[in-house]
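Both complexes below contain chain A, partnered by chain B and then by chain C.
Moving on, here comes the complex of A and B:
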């Protein structure tokens, strides 16, 4: 700590602080345009000039000067104010001063400072800029005439997003922010540049001219897409969510968002939302009343044992737990599940066996505290972009080493010194087991490991996984596996990250056990910066597991439920928010089940493909219209309150389940808060939580680990077939599940399904970018647009699963790897 | 007092007024002369055959009666303009703050004071009705 004096106030601040940070920590405001909490000091704007007595009254920038012991700083002497006014005059000299038509007005740092320092006239004259304004980009509008060259956009894109789309181009008076060769912007569209821009140079095009900043109420919420659990501030006006607002103090990610979080909010106020219950009459879904619809549903649920249910892990903890209670106690069925039954198996079977807990042993904050990261599949960036930002920052700022084990290269492979081992698709578990064997063989095992349950069997079973044999099988060099093993074992702190999801069938219990075995073997768990982090797909996937909403005690899992529907043993199916026709594997199997089931109830926001086949459709609320809690992938329980009032015609899932419980003769809690009290009392880790205590930042539900080795079993490998390519499914960066299709932002930049293939496969099959090609597998064939990329290895193709218009499950029946042929 | 005196006095005043200029107006046959700075019905100024308004939302922001509704849009040249500009004359208190707030001098208040109407809906002046008559 360092002692210094700022404006006659004695303060003590950390040694690493700059003068700006020291002042801010002590409530002294220094005006600045080019500073952001997350970014490195830059010193571009010269607004933060201060005087330091020891520096003989020279004016120095506060944001780049580190504090030293005994500094005497003055932040607002008449000379400094004069200098700041001059800086503002010079900035305003070329600024177009079009505040009335600029959407930044009201939230503009330049405008606020001009007002604060009363810069009413300008002593200088110069011509304004005439840069061309980029109106063509669907998400990010760039008007460089307003730019003050603070460089925040270029820095956030480089330091955090690690994309580097924007940079300073040209020199001297001509300097501006632009893309390479002053070309169009074609990036990840996370909008971080918009968020940090202090003026109106970078604006969100979907929000263009929608509202003034001061006319919106700012509602804090939690993002409803992936499991990262990012915090959002929604800009609400006239009961409509119009935009997301940046708040650098919000959440572990400090306001940083991805394209879905920032631009995918439009589904909340979509015109396509269902507003009335629909009941099938004479084969047609017709509008009905809640009383009629719920009476019919309750009548069907009374049957009991032939009822099954699927729920989306986008529901709140309260809703999932109430739904479970209703099914178990009031309906009398154990047949309920979520996420296609396998997307949660890494937690419910994998970690349950390895750690004795259905949760990850590490959290997202461990990423930057670690020394060594092992990421399984580069897709971790696509499924959880904000976790990806944490990896970027860990590697670039903290010097954390990164190794990736993947079936394709990707964004993370481009990070400095990242080592990517590209193996044949579907063989990650074998490689991980080979790593475990090397660790044992080379005696890198942690002292604690031998005494842990199952060690002997584990060691014995590993004999089948010699590095040489596995290397030959999966197409990597044995020495690379050995190097990875010794690096992992040698690192003081090491963290393994892998994504899960409905498109990642291979990321199952086996994979979870394999990574957990590694962590237990080397003692890298239960400590800061160590452990295993399973990135669960949806915003409340971890919550759904914690609430016990999955097949247990002999209940049928999702896919078994579908088979039972087809077989006629399940007669009534209640689907709360899932869209299995698009997101579950094997469309024919799902379709047969939904056609065969006697009675289908769907509660949904939209009339999805699944809802269209239902007998009763119940319109429900999005996350912005209800209150409850979500549990993020690292088990942070966060409270959400309604950002907007819901349409009086629709109900929350919670209200529907409560209503049904009372119709079925039970006693339901009236409010989610009451249900959460129950959850807190009987869910491990949730003790002592309540809606009130969670309101500010949420809280981590601690995970109690009892390690055990799970013996690996021999794995079937997919043999390459000549003339066929290996199709792997996954998530596209711009989408999450099938919900993001209703968010306009993601659909602007990624509107349709595609198949990504390597250059060599493209040239061998004479396929060019954007060609429509017919992809055929054993189960079917479909047309997909070709995308030729550098990241795919030869013989492997990738397709995302989100799209109703191109449902990949017509050719994918749930195998981690599907052999396909491509015909132009 | 002679009981007839008050009557004569009264008649005198009456007779005097018969030859004086009347103070009332024979409205609607006669029209008042409206002062230059009278604050009557609003008008949106027109320049280059379109409204000058750039939909900056300062008038609805400053309006104490909350009677102005503006919605902005983007025209073919990417310029901001008001797709909706409505003033609810039943709520308007004719304070003129909107005119004062306007950064582009797009709004004025005219001498128009005959604002009576038959239905409440008719008091909501849309952009078309507010456009300055050329």
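Moving on, here comes the complex of A and C:
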């Protein structure tokens, strides 16, 4: 710690602090335009000039000057104020001063400082800039005439997002922020640059001229897309969510968001939302009343054991837990599940066996505290972009080493010194087992491992996984596998990360066991910066597992439920928010089940493909209209409260389940808070939590680990077939499940399905970018637009699964790798 | 646009051989801070930095394309458009100005049909005004590539243009 004096106040601050940070820590506000607490100091704007007695006569920038013992600092002497006024005059010299029509007005640092320092005239004159405004993309408007060259956009894009779309171009008075060769902006559109821009140079186009800053209320919430659990501030006016607002103090991610979180909110106020219950009459879904619809549903549910249910892990913990209670106690069925029945198997089967807990052993905060990261599939960036930012920052700022085991290259592969081992699709588990064998053979095993349950059988079973044999099978050099094994074992702290989801069928219990075995073998779990982190797909996937909303004790899982529908043993199916017709594998199988089931109930925000086939459709609330809790992928339980009032004609899922329970003769809690009390009393890790204690930052539900080795079994390899390509499915960066199709932002930049292929396969098949390609597999055939990319290895093609207009499940029946042919 | 001009325009974008860039990158790949030497060597080879080469360097060195463009536009030494085989520089510094440099410049403009920092469509000449060439005793001064021409006159401009118009382009 260092002692110094700021504005006659004695303060003690950490040795690493800058003058700016020291002042801020002690409640002294130094004006600044180019500073963001997540970015490295830059010293561009010269607003933060202060006087230091020991550096007599000089005005020095507070943001780049480290504190030293005994410094005497004055932050607002008459000379300093004069200097700051001049800085503002110079900034305003070329600034267009079009505040009345600028969306930043009210939240603009330049405007606020001009007001604060009363710069009401300018001693200088000069021409304004005449840069062309970039309107070429639908999400981010770039008006370089308003720019103050603080460089925050370029820095956030490099330091955190690691995309590098923006940079300073040209020199001197000509300097501006631009893209390569002064092109229009074409990036991943996370909008981080908009968030940090202190002026109106970078604006969210969907929000243009929607509301003045001061006319909106700012509502805290938690993002409803992926499992990262990012916190959001929603800008609300007239009961409509109009934008997302940056708050650098919010969440572990300090306000950073991805394209979905920032631009995907439009589904909340979409005019496609369902507003009235629908009941099928004479074969047509007809508007009805709640009483009629719920009475019909309750009547069907009374049948009991022929009832089954699927729920989306986008519901709150309270809703999932109440739904489960209703099904078990009031309906009398164990047949309920979520996420197609397998997307949660890494947790419910994998980690349950390896750790004795259905949760990851590490959390997102461990990423930056680790020494070595092993990411399984580069898709971890696409599925969980803000977790990807943490990886970026760990590698770029903290020097954490990164190795990637993947069936294709990706954005993470481009990080400094990242090593990507590209293996044949579907063979990651074999490689991980080979790594375990090397660790044992090279005697790199932690002292604790031999005494852990299952070690002997595990060691024995690994004999089938010699590096040489596996290397030949999976297309990696054996020495690379050995190197990865020794690096992982040698790292003091190491963390393994892998995404899961409905499109990642290969990321199952076997994979979870394989990575957990590595962590247990080397003792890298249960400590800071160590462990394994499973990235669950949806915002409450971990919560759905914690609430026990999956097939247990002989209950049917999702796919078995569908088959039972087709076979006629399940007669009533209640689908709460899932859209199996689009997002479950094998569309024909799903369609046959939904056609065959006697009675289909769907509660949904939208009339999805699945809802359109239902007998009763119940309109429900989005996350922005209800209260409850979500549990992020790393078991952070977070409370959400309604950001807007719900339409009086719709209900929350919670209200629907409560109502149904009373119609079925039971007693339901009236409010989610009461249901959460029950959850807190009987869910491991949730003890002591309540809506009130969770309101500020949420809380981690601790995970108790009982390690055990799970013996790997022989693995089926996917044999390449001549003339065919290996299709791997997954998530696109802009989408999450099928919900983001109703968010206008993501749909602007990624409106349709595509098939991504390597340059060599493209030229071999004479396929060019954007050609329409007929993709055929054993189960079907469909048209997809071609996307030619550098990252795909020859023989492997990738397709995202989110789109109703091009449902990939027409050609994909749930295998991790599907052999396909492409015809132009 | 006449056919001749159109033809000239297409001639300006010859096929770019990326193997030249690869050879340069291979030479510097392990050198920390290799971006500047790679760009300089690429410019020596190609005469300018074509976009294709910039993108290729970005990919191979794992540097953002935007960052390369930032460097290319910051330093006056880099050129983003093809340059002429013969670079004519005329000094417009104080001594040369007094000795009549503006007329020399005007005459070059007339003769070549191009302005400052421009290149003839046949890629033979690039013309530049420069501040000082450090040989004020020879004012007014012109240079063509590495050859110096002191005591410039309007007649000498004609001679220089005629001379270099005869020389082979390769």
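The definition used in the following text is that the second predicted complex is superposed on the first by the 823 of 824 C-alpha atoms of A that agree within 3 Å, B and C clash if a C-alpha of one lies under 4 Å from a C-alpha of the other, contacts with A are read in each partner's own complex, and residues count from 1 in each chain.
Here is the rule we go by: a contact is a pair of C-beta atoms (placed from the backbone, for glycine too) under 8 Å apart; a residue touches a chain by one contact, two chains touch by 3 or more.
Keep in mind it's a predicted model, so treat the numbers as computed, not measured.
*Asks:* Between chain B (first) and chain C (second), which does A:78 come into contact with in this model arrangement: first, second, both, or neither?
*Replies:* So A:78 meets neither chain B nor chain C here.
*Asks:* In the superposed arrangement, which partner chain does A:414 touch: chain B (first), chain C (second), both, or neither?
*Replies:* A:414 sits against chain C, while chain B stays out of touch.
*Asks:* Counting only touches as set out at the top, which of chain B and chain C does A:723 meet: first, second, both, neither?
*Replies:* Neither chain B nor chain C is touched by A:723.
*Asks:* Applying the document's definition of touch, where does A:105 land relative to chain B and chain C: first, second, both, or neither?
*Replies:* It touches chain B, and chain C stays clear.
*Asks:* In the superposed arrangement, does A:133 touch chain B (first), chain C (second), both or neither?
*Replies:* The answer is first: A:133 touches chain B but not chain C.
*Asks:* Counting touched residues of chain A, say whether chain B or chain C comes out ahead.
*Replies:* C
*Asks:* On the A-aligned overlay, A:209 touches which partner chain: chain B = first, chain C = second, or both, or neither?
*Replies:* first
*Asks:* Residue overlap on chain A between the chain B contact set and the chain C contact set?
*Replies:* After superposing on chain A, no chain A residue contacts both chain B and chain C.
*Asks:* Please give the residue numbers of chain A that touch chain C in the complex, ascending.
*Replies:* Residues 154, 158, 163-171, 178-182, 414, 416, 790.
*Asks:* Can you list the residues on chain C that touch chain A in the complex?
*Replies:* Against chain A, chain C makes touches at 51, 54-55, 58-59, 62, 64-70, 73-74, 80.
*Asks:* In their shared complex, at which residues does chain A touch chain B?
*Replies:* 99-101, 105, 133, 135, 208-212, 214-215
*Asks:* Using the touch rule from the top, collect the residues of chain B that touch chain A in their complex.
*Replies:* Going through chain B, the ones touching chain A are 54-58, 60-61, 72-74, 78-80, 103-104.
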